[in-house]
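Report on the following structure.
Each chain carries a letter (A, B and C) given by its place in the written order, and its residues are counted from 1.
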Amino acid sequence: DYKAEYKLSTVLGKPFPWGVGGERWAELIREKTDGRINVKMYPGTSLVNGDQTKEFTALRQGVIDLAIGSTINWSPQVKELNLFSLPFLMPDYKAIDALTRGPVGEELFRILSTKDVEPLAWGENGFRELSNSRHPVRTPADLKGLKVRVVGSPLFLDTFTALGANPTQMSWADAQPALSTGAVDGQENPLSVFVAAKMATLNQKNLTLWGYVADPLIFVVNKEVWNSWSPEDREAVRAAALQAAEEEVALARKGIAGDDTSVLSDIEGTGVSVVRLTEEEKDAFRQATRAVYDKWARQIGPDLVKQAETSIADRN
Amino acid sequence: MATGILFLGFLALMLIGAPLAVALGLAGSLAILDAQLGILSVPTNVYTGIAKYPLLAIPVFILAGLIFERAGVAGRIVAFASSLVGPRNGGLAVVAILVCMVMGGISGSGPADAAAVATVMIPSMRKAGYPAPFSAGVIAAAAATAILIPPSVAFIIYSVLVPQASVPALFAAGVVPGLLAGLSLIVPTVWLARRHGFGLVDTGPRPPVWESFKGAIWGLLAPVIILGGLRTGLFTPTEAAVVAVFYGLAVGLFIYRTLTWRALYEALAEAAEMAAVVLLILALASVFAWAGSTLGAFDRLAGAAVAATGNETLILILLNLALLALGMVLDAVSIFLILLPLLVPIMQAFGWDPVWFGAMITMNLAIGQFTPPLAVNLMVTTRVAGVTIESTVPWVLWMVAAMLGALALVVAFPGLSLWLPRTLGYL
Amino acid sequence: MPPIPGPEEDPDAPRVPVTIERALAALAMAAICLVTFGNVVVRYFTNVSFAFTEEYAIFLMVVMTFLGSAAAVAADRHIRITALVDRLPRAWRRWTDVAAWTSALIMFAVIIWYGGRLTYDQWRFEETSPGLGNPQWLYTVWMPVLAGVVALRVLGRIVRLLRRRRA
């Protein structure tokens, strides 16, 4: 018994890679199921009134049928997803891939599938970089006393507190005026968000590429909805998710990773000074947040964290 | 089918006199059930509809307004304004308008402003020879500027529903339209007072300017602190509201020494109840809005409206007429919650500036606050004056006409509202 | 916008005084102000982060909404349009009132029941709050519980309406 329309939830819409990926998934599903499954995307987590951290619960309850969710937003319901928010766990893109495409990814999918959802593919929101209106940040000491807006997870409060900053939890709607008036000094987000939200116009003139955490996205379907589909349609939806996710990851890394760094030069063109940390400089931040890492590794599960560290060490 | 249940259900429930919040929430729930969208979206929406940080500013600004009222700020501003205007024909009525505007710079809601000023001014206006229905009409109209002159509960809600428009930008955009709206009222007020010979009774000596200024300065500083704090980035809107509360407390307890602990408790309880009424509507309207947008009902309606008229000027005029008509029977917050999901697609279709649009709608709804038959501000002032709403009609219609003139200017010249937010760098 | 003053001498005045709801709502309001003000003070005068308290302030606002709504039901201060039903004959008017308040009772029953389901799900799945990592159900459970208080106030209105008819 198929519904006339299935609701797909995302946090960002077009032109963010996240939103492009969502529309692409919907389009591919329609194609591959010959129109039997009709998906409509609702960006801005509008299906949960914009409250990103309620998305997973709504998904599990069937209020949302499909979602491309962020590991940060779903961590209140799936504590293991905090793994990706462990400070300085993943040094580069290959490390992200080693996790999502290896045994860690499989284990996380197994955990998710016990929570009434069918996980299908890994997408990407990207490494989260730090910006502020005061001065360039090169060492943990530069962060001292900076008021930084962070997203909702106690782990982020711990990380920034350990670095001597003053983290403030704030919704996005509140963050923009707070940044423009200087009530808050800094923020952290993927570069794609930095660009699309025109952070330079919000006085965010100092950008530090420290890649302290990355935020993979997960393509999922509500279990009950999944089970209501025929086996061939399920495979079609899975194939569509894999294809859309691959395109989305490529788009998220375009102009940032590898030889093409056009996004960074565009950012510098708007008068933003970009600080690229050396390995030694990064290490200072890593040392400063070590206690937070260890504390949260215990909460996430030592075995999973160990596996992640091994996968990253073995990446080629 | 579900769309029909949504709109007709809401209409039916509203007409039998169900609380507006219930009419919105129940119609939304029934539509969600009918379309099998997942009934658990109802409790989720109710909770997330209220549990938003920016909304904290609403109860706190309401409380700030009440504390300043209980502290006796209005009376001192009246004395100061009287000392400036002097015992002229119609002078006291002009004072009432100016005081409403200053108090509007502290209070975020029209009825709260109306209550604060009416209690102080209507008795003295009666002594000076103004008929009570006239006074009630003038104060109700002038108090409507409270939702335009920052802070404004209406703007906070608009910003939550239309995130592209930030609260500081909206607050700035309301200043000039608010001043324009208030000043426009002076014309019919003075003209009517002169024509009918109101306010000719001598009510004693003119208060000394410097002495009354020293009394009023603490109240006059409040808007400066609120706006200055927002502008310099010292506070977020919520923090500005709470700073205003503690400032008002300090003035009432230690400077004027008029505020008792009992009065403070009453202010807390009353503000909580007033805020609860607004927030319950917000909570249950989010069920209605969720059902409507998930069903695609708002997009279809907006598309039909754009297609049917097609012409930007025409749709702008029709929109204003519709808002004015609704403003006669509903209050501003409810109209925002019911109409914005429908209006935002229209706004986007024509590429209107969301900040200007917010200022325009809010000005429209301000007029509705004193347009009979259902006019929240008039309800408050007529209750204080002990007259009927009907008796104010011959006077109030002139006020409506004057503020419509100011509205026409704001609609025709977007620069009037957008100049300040641009100058302050919010746009 | 409120306040729409309630009738001065309300024949439907409740027998259980609303003092408790009013006092608790006032307390919630005071707590919201203290928490938010504390946040401002600490943020500007120290380098300590106090921002987590936002989670409590927002939760208190939900509590205040339902408590204040209960008091507003008792005093008939919720915004509703009675212009039309006021023109009906007295006997009809009574029934539209009963219907209007019954619809309110249904609405709050929906919040009690499904709000309970939501709380149960959050407990069952050990969901934590995004800011502080507290069990989320500890916050949510107050929505159905306090919706129950509002529902009792609504029920009180309906009972008094029906009694008045018999008298």
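One rule holds in what follows: a contact is a pair of C-beta atoms (placed from the backbone, for glycine too) under 8 Å apart; a residue touches a chain by one contact, two chains touch by 3 or more.
These numbers were taken from a predicted model, which means no experiment stands behind them.
**Q** If each protein chain is taken as a node and each touching pair as an edge, is the resulting graph a line, ring, star, complete or other?
**A** The chain contacts form a complete graph, every chain touching every other.
**Q** More C-beta pairs touching across which pair, A-B or A-C?
**A** By the number of C-beta pairs in contact, the winner is A-B.
**Q** Averaged over CA atoms, how far is the centre of chain B from the centre of chain C? Could you give it in whole Å?
**A** From the centre of chain B to the centre of chain C is 23 Å.
**Q** Measure off the straight-line distance from the CA centroid of chain A to the CA centroid of chain B, and report it in whole Å.
**A** 40
**Q** Using mean CA coordinates as chain centres, what's the chain A-chain C distance in Å?
**A** 36
**Q** Quick check: what residues of chain C touch more than one other chain, meaning two or more?
**A** Only 54, 118 qualify.
**Q** At least two partner chains per residue is the criterion; list those residues in chain A.
**A** Expected reply: 57, 61, 170.
**Q** Counting only residues that touch at least 2 other chains, which ones in chain B make the list?
**A** Answer for chain B, listing residues that touch two or more other chains: 40, 44, 51-53, 234-235, 239.
**Q** Which residues, counting only chain B, touch chain C once they are in their complex?
**A** Checking each residue of chain B against chain C gives 13-23, 25-26, 29, 39-40, 42-44, 46-47, 50-53, 55-56, 59-60, 63, 109-112, 115, 147, 153-154, 234-235, 238-239, 242-243, 245-246, 265, 268-281, 283-284, 329-334, 369, 373-374, 376, 379-380, 383.
**Q** Any idea which chain C residues touch chain B in the complex?
**A** Contact set of chain C toward chain B: 1-5, 22-23, 25-30, 32-33, 36-37, 39-40, 44, 54, 57-59, 61-62, 64-69, 71-73, 75, 77-85, 96-97, 99-101, 103-104, 106-107, 110-111, 114-115, 117-118, 140, 143-144.
**Q** For the complex, which residues does chain A have touching chain C?
**A** Per the stated touch rule, the residues are 53, 57, 60-61, 76-77, 79, 115, 144-145, 147, 152-154, 157, 160-161, 164, 166-170.
**Q** Name, in rising order, each residue of chain B that touches chain A in their complex.
**A** Contact set of chain B toward chain A: 36-38, 40-41, 44-45, 48-49, 51-54, 159-160, 163, 166-169, 230-237, 239, 286, 290, 293-294, 425-426.
**Q** Sort out for me which residues of chain C touch chain A in the complex.
**A** The contact residues of chain C facing chain A are 43, 47-49, 51-52, 54-55, 118, 121-122, 125, 127-133, 136.
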